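Chains: A, B, C and D, in written order; residue numbering restarts at 1 for each.
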Amino acid sequence: MAIRIFVTGGTFDKEYNELTGELFFRDTHLPEMLSLGRCRIPVKITTLMMIDSLTMSEQDRAVIARNCMKAKEKRIVITHGTDTMIETAAVIAKTVKDKTIALTGAMIPYTFGSSDGLFNLGSALAYVQVYNPGVYVIMNGRCFEWNNVRKDRRAGVF
Amino acid sequence: MAIRIFVTGGTFDKEYNELTGELFFRDTHLPEMLSLGRCRIPVKITTLMMIDSLTMSEQDRAVIARNCMKAKEKRIVITHGTDTMIETAAVIAKTVKDKTIALTGAMIPYTFGSSDGLFNLGSALAYVQVYNPGVYVIMNGRCFEWNNVRKDRRAGVF
Amino acid sequence: MAIRIFVTGGTFDKEYNELTGELFFRDTHLPEMLSLGRCRIPVKITTLMMIDSLTMSEQDRAVIARNCMKAKEKRIVITHGTDTMIETAAVIAKTVKDKTIALTGAMIPYTFGSSDGLFNLGSALAYVQVYNPGVYVIMNGRCFEWNNVRKDRRAGVF
Amino acid sequence: MAIRIFVTGGTFDKEYNELTGELFFRDTHLPEMLSLGRCRIPVKITTLMMIDSLTMSEQDRAVIARNCMKAKEKRIVITHGTDTMIETAAVIAKTVKDKTIALTGAMIPYTFGSSDGLFNLGSALAYVQVYNPGVYVIMNGRCFEWNNVRKDRRAGVF
């Protein structure tokens, strides 16, 4: 069965606006990244929102959790800003019990050419195929259970 | 315990010689790739050889298998050219029984800026941490048991 | 005689801070860019400041003009943010009469991997070797006299 | 009046074939490179051939010279492999007297992400707009008259 990928934005998908010099969101780069990785796992991609996770509201998290619940797939990857990834994982964990859900993200935008996103995406798609139901955070090559991880914002690692 | 990474060359590590216009090997890019991926898993990297897997001899494969056997680590990733990755996996599988060994590679050199290597490396490091002892081929986001995979050379996929 | 390159910052040299998600300045990438371009023209690089040209004060422009005047070299390239490049060119033109001075910049930071900076740098170094004394703005493959150019901010071109 | 660009192949336009591991030619990347450089000079691009300059015959050089002669434009840039760029320049110089013709190339393919091609293209388009009729070789930020240049193949520079 296919893996569902829910896109929510985050550094993963940020782009540089050359007229204003600011970062912004347009479309997700997930299909391009999967193609670059020559990924042959069947996946279905749905963009739920395109936002910075610092601006994510409780209502946004509820939308994500509800979509995880409604999805037919038993294995789900969520791309998400790293700043509040753990908060969203906690909300999902309270709502969804019977699925393997992996949240992942990036420290550098994919479009800036030196992203950790491709590495994390490879990890997340591997872990999500193997682990038992639960909610996991996949960063830095590691897989954490949602209630056993925190972000060290000064170092930028989990 | 750390994961051992054995480097054997392959497309992963090919570079472009601007004087001759040919591809060649110099040093491995594994440390740079792990750093780019912000990998925080403890790894130890050893370069066993730097060759194209089409030129790999039975003696070379024996060297790889012997190093897998002697390694203290129980989990090993091997970077390898894709053309004879499965042959090497078979040789290792006959020799090493109590370790989880993941062979991975790339279709495009890392130095050419659009490599699937970073994605595969993320996958391989995830799978190797999770799976039971055995010899696996990790490509295209998938994990195959060594005796249940073949390369489709026309399509360039496993 | 060598060409003098004065670095003042601008989009050219912006980098992405992965901890804060903001753009910032560190060191100039000019030496790396010249090396990438296999540039064999003798150049001497001096960093005068590392700022966004929107924050450039009249005092900053005076510093740039004074350095152009004091430089022993007769041919000078200045890397500069595009937003106020023309204002700085006007200040220099009033002060320096006997040198060929070329201001250039970029719409996309060099570190983001898809910069127009390398192209503009190639143009600027060519024009500055050929033209008579005067102050020029080099962007989009074109060379404009300082008093005959304006930036179309909506389109991002000169 | 527009600048004519004649594409003949060379390292500029080489790509990596991931199935065979060899370098090959497909389409030219000139339009993409000009777009990346935000080039606003009117140009017209014609692909005359897509070959390695080591395999270029006298007949091929005659084709290039004839096209330079027939072109309506007075200013022409030719992208060319670096190995026999000077030989081709000599053939053109004997045939075409009233045009400014700039040959340029690259040491690293554009698709490999670290090409000197973008820098050289910026230089060539600048020099070709400024110089008097004649045949020039533009490499490493420099402009050489065709009969006053040689390639140092060991160092890879002109």
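The criterion applied here is as follows: a residue touches a chain if its C-beta (ideal position, glycine included) is under 8 Å from a C-beta of that chain, and two chains touch if they have at least 3 such contacts.
Computed from a prediction, not measured in an experiment: that's the story for all the values here.
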For chain A and chain D, the contact-path distance works out to 2
Farthest CA centroid from chain B: chain C
CA centroids of chain C and chain D: separation to the nearest Å works out as 26
Dist(centroid_CA(chain A), centroid_CA(chain C)) in Å evaluates to 39
Rounded to the nearest Å, the gap separating the Cα centres of chain B and chain C is 44
Shared-interface residues of chain B (touching two or more other chains) are 107, 113-114, 156
All chain pairs satisfying the touch rule are A-B, A-C, B-D, C-D
Chain A residues touching chain B in their complex are 33-34, 36-41, 107, 113-114, 116, 118-127, 129-131, 138-143, 156-158
Interface with chain D, chain B side, in the complex: residues 11, 14, 16, 18-19, 21, 23, 52, 107-109, 111-114, 153-154, 156
